[in-house]
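Input: a single structure, listed below in structure tokens.
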């Protein structure tokens, strides 16, 4: 099993005729994802990469039954695209676009919630359930179907971790890049909740970063509600305070969000915090591999925690 | 049992030193309601009717443990008062004030929801769980403790119905006036849900009005989710279309909300719609009274309906 | 509160929304010179606070200044009866003389607040010029709705959807976004509960021009809209309803012969309903509100007595905040003041009801006093029908 | 993007927020005449994009025009090292000469966006003049927060709370509401992510005056803030970081001796972390982004080589969108272009990694190529430490 995307996922690509949209639509099709529609206002009625293009999401959903969208439209129009998808009945919107103004996202997260939809991102690689569907820009071949859920604020760092897992023959149920912006649609907590409930996920790897309080919130949630083993890596241990490290989210501000605080919070929640980024795969393998025999399987569930 | 207010209710009166606030605070105290605090900015530190007065809700809640508020402040300041209560941790806010601008309420309902609180009203008589607590302006003595839930968009019409019930020795679990304004904090559906879940409520009386679609929405909800007998009266059968009948809510607009449509919707949901307003008490008595013997009690639950 | 078309258009103009050039006048001779200034061909429109003016003859095209003056003369001072104005109609005191606009198409556009979603909502239709009720009856799908995001505006995709469904060409499609933003700003700033542009013209040169404007300002917000309050104009309103507003009661005239005095809007409607159910008809809806003193009750009785068809007055009071004893004293005084000379049936119940009834029964005036809603109403119906 | 205090104050002034009278100048002689115009006693403030100017000698009081000129002369052209400016400090090209305001108290006031609630938030403290971090460290309770309702403003009760907790008298308490409304409008209109007034003076006559202003405009929104973009001023910025911005990479200088070229911010930080873990230190954070062509890689290498302490460059690329073969070709070209003369350790993995490695291995340039993150990083550390 998996969360959020699977074989039933029917993707509409917003901004399909743009450079990024084209490139990654091909990538998704190559992976076997059902890309059923594209939207570019003004180009309705044409086909692009064999996919029918519509002027509006409303038409795309009505004609193709799309239920998931991948947003590649440029920053000035991205918030609009996300809200259009939510209004048209799309339930899962992966917003890949980077560089969307903060103020636009304040509106967007509310509008998406009001419409009962979920946004992943923005400024994220998207999500993939290996062997089932890829909705985003991650390199497909490094993934491997399996039972570890991966959730991350980062892009290439996620690939690094997935690569380590797959090399050790540890497959993934679903890998989600939630994005590094200050305002995002789906949090660590949201994903942890879904992984905890997912029968196809046995363990969770969480890739955090310094800055903000998302990891601390995740830790609080794990402590109360997650029974499955969680492994974490937090990037930015050596980043100097107050300096911007690429991601808008990766700033240590106002005395919260530093590496030591995040590690402490996660460890207090029973999370195995891996310090050496080259050994994340090893850490997971060490805990999961010996317990793969049916008789010992139950022990992967930690004791003393409430399961929701 | 009852819903929303009971013996644990601790009331703070907002605008306690005003004319209306004073008058109805006395009424609530006389009924035995625990009025633990009042708020009037600038009058903090004094006492009024023996109740301590604070400058802010924050102080009132911190000092007295108030959990419910009754708002009597004038319309220009009422939205602010409601939001202050929600932010201070008050979970139930009965906004009695009449004449609050629509635009203010658009903001207020969102802010109250965002803070996790519930508003009753505005422009409503409040609510009462007979014998336990009265938070509002209804005449206490006409009520009688019992097992019928009453929910109404109207004021004096509710008293009329309650009077008919009490005269026939049919007591009430809780009576709620949800208010007649176009934008209100708590709907028929919210109340029906709570009455359905409440072990102390055996039947529900719903008093509607022409205009809007609240009764139709209630009907749809009842059809799916309410197993207890529901009786309804809808005022305004003879009101001319397009004319304003006092309540801002009581307008027939754009082909929806007429009396025949509301009756049809309610009857299709299995609701007993009483046509003669003088016989609402009789209708309830006819269905409930003979079934009061333990052996027959089960039959008051209608068949063919899903219970949540 | 409703304001006149010409007043609404002034606000729209201030907010950057295109309206035809024109001027409101109350003398036919002015019409000629204004028409001349506007280039000759004009429209002359009666300014009354009711819809359906066109069909009632309140809107006339005039191809020359002379014909404009004639049209204004015909309309000014006439009584206009539209389907919305009630029996006697409204006397026309003002006409709006406007340039004729080169119309390619007529659309419907409005902003209102949807109570179900608690959101401002834009309503549009390609079938402009008709009433929205008419469009709804003919083809509900012709009505487009877009919910405005709370605290923000319409999203571009919503504008695109509206423009596509209204089948707008490139130019007017572009203009639509700006128009809607301004309309929405105007709606918010003026605390409207309805702002309707019907028809909205698409001109032959691709502009969007508001040919008509209906602006209702929410009564509860009037305290903070001094400019609107200053426009209050009861010339066009029913004088009885205006007097009701002045004394603080809610009054709507009806066709029956049983006058009603009730406290609370719901109970007032219910009172009308039970009279109907028992074979009678109310002469009015009247809600005296929560704090009815002698003066207000007297005012209410006087209002009812202005209707010559009233045969009996049914007083149905449920005492809550308003105590029965206080109401009874006020009623006695009010009957004296108003010189009410029709039978009175009184149902007085609730807080202090015994004392209230004692006061009524011990007075020298004669009342029919009855506790029971149905029998009291039946009594009023019987008197009205001459059967008592 | 940060803008200077004097620029921020111009925007505040336009939005109706009181700031001291004054003028920004770049010549000491101007200081005298401006001080004279302002009545003699002034403040002379260095305009650099870093906090902590006061302690670093960047703010001077001058009681006469002559002393103002002297102060300006001292500050202008000096290098100002504050705790926020990094090693070399900023050269001061501009000073702001301002009237002295009669200060009764100093408050802290800021607007920012809280990521946890996704809401604009007002932060205030009675302990003005200190950095917010300093206040937070000394007494976290001294920091007041009020969340702004989305799409709306602060409610009156929130203003009352702030005023009460800031212990404002009646006059400044009244002024606070208007000030906050304007500050919030300014924050929204200019797409700020931080707008800080510290200190906000309560004057002896009860006014609120912004003595300082720090305005950060969100980089993502610069495309729609042309006025701000035109203020872009790299005079005060680190030239290396400015060049990085120009070529489209993210670069931050650090104290170590291992240059880093990485794709992705998270992986770039992680690369620094693993170097540290293995006993080395990065000379920089560098994220080349998702589409690194030869030119960009060359630019990145050149940037790194401007730092004389760099002993080795560690290239850690996870090919996703960026294919390893394309990166390898670009790298070869970049090394030629940049004339890089330090050892290069390359870890190249992901899409088309075999082809990428083949390209590197078959070139005449010498690279250490290693697939494993830890051993590659260890190699770089060894080279930097002189152990390889």
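In this document, chain identifiers A, B, C and D correspond to the written order of the chains, with residue numbering beginning at 1 in each.
Operating definition for what follows: a residue touches a chain if its C-beta (ideal position, glycine included) is under 8 Å from a C-beta of that chain, and two chains touch if they have at least 3 such contacts.
Note that the coordinates shown come from a computational prediction; the quantities given were computed from them, not determined experimentally.
Peer 1: B-C versus B-D: which interface comes out with more C-beta contact pairs?
Peer 2: Counting C-beta pairs in contact for B-C and B-D gives the edge to B-C.
Peer 1: Could you state the distance in Å from the CA-based centre of chain B to that of chain C?
Peer 2: 29
Peer 1: Measure off the straight-line distance from the CA centroid of chain C to the CA centroid of chain D, and report it in whole Å.
Peer 2: Result: the chain centres lie 58 Å from each other.
Peer 1: List the centre-to-centre spacing of chain B and chain D in whole Å, with centres computed as mean CA coordinates.
Peer 2: Using C-alpha averages as centres, the distance is 54 Å.
Peer 1: If you average the CA atoms of chain A and of chain B, how far apart do the two points sit, in angstrom?
Peer 2: Roughly 44 Å, centre to centre.
Peer 1: At least two other chains touched by the same residue of chain D: list those residues.
Peer 2: Within chain D, residues 149-152 contact more than one other chain.
Peer 1: Please set out, as single numbers or ranges, the residues of chain A touching at least two other chains.
Peer 2: 107, 110
Peer 1: What topology does the chain touch graph have (line, ring, star, complete, other)?
Peer 2: Chain contacts: none of line, ring, star or complete; other.
Peer 1: According to the definition already given, which pairs of chains are in contact?
Peer 2: Applying the touch rule to all chain pairs gives A-C, A-D, B-C, B-D, C-D.
Peer 1: How about chain C: which of its residues touch chain B in the complex?
Peer 2: For this pair, the touching residues of chain C are 84, 113, 115-116, 118-120, 132-133, 136-137, 150-151, 188, 191, 193, 218-221, 223-224, 250, 252, 254, 262-270, 272-277, 281-282, 285, 287, 290, 318-321, 349-351, 372-374, 377.
Peer 1: Applying the document's contact rule, which stretches of chain A touch chain C when the two form their complex?
Peer 2: 41, 55-58, 77, 79-81, 83-84, 87, 107, 110-111, 114
Peer 1: Across the complex, what residues on chain D touch chain B?
Peer 2: Answer in residue numbers: 149-150, 152, 155-158, 160-161, 164.
Peer 1: Going by the contact rule set out above, which residues of chain A touch chain D in the complex?
Peer 2: For this pair, the touching residues of chain A are 23-24, 75-76, 99-103, 105-107, 109-110, 125, 137-139, 141-142, 152-160, 163, 180, 182-183, 207, 209-210, 212-213, 217, 233, 235-240, 242-250, 254-255, 275-279.
Peer 1: Chain C touches which residues of chain D in the complex?
Peer 2: Touching chain C: residues 149-152 of chain D.
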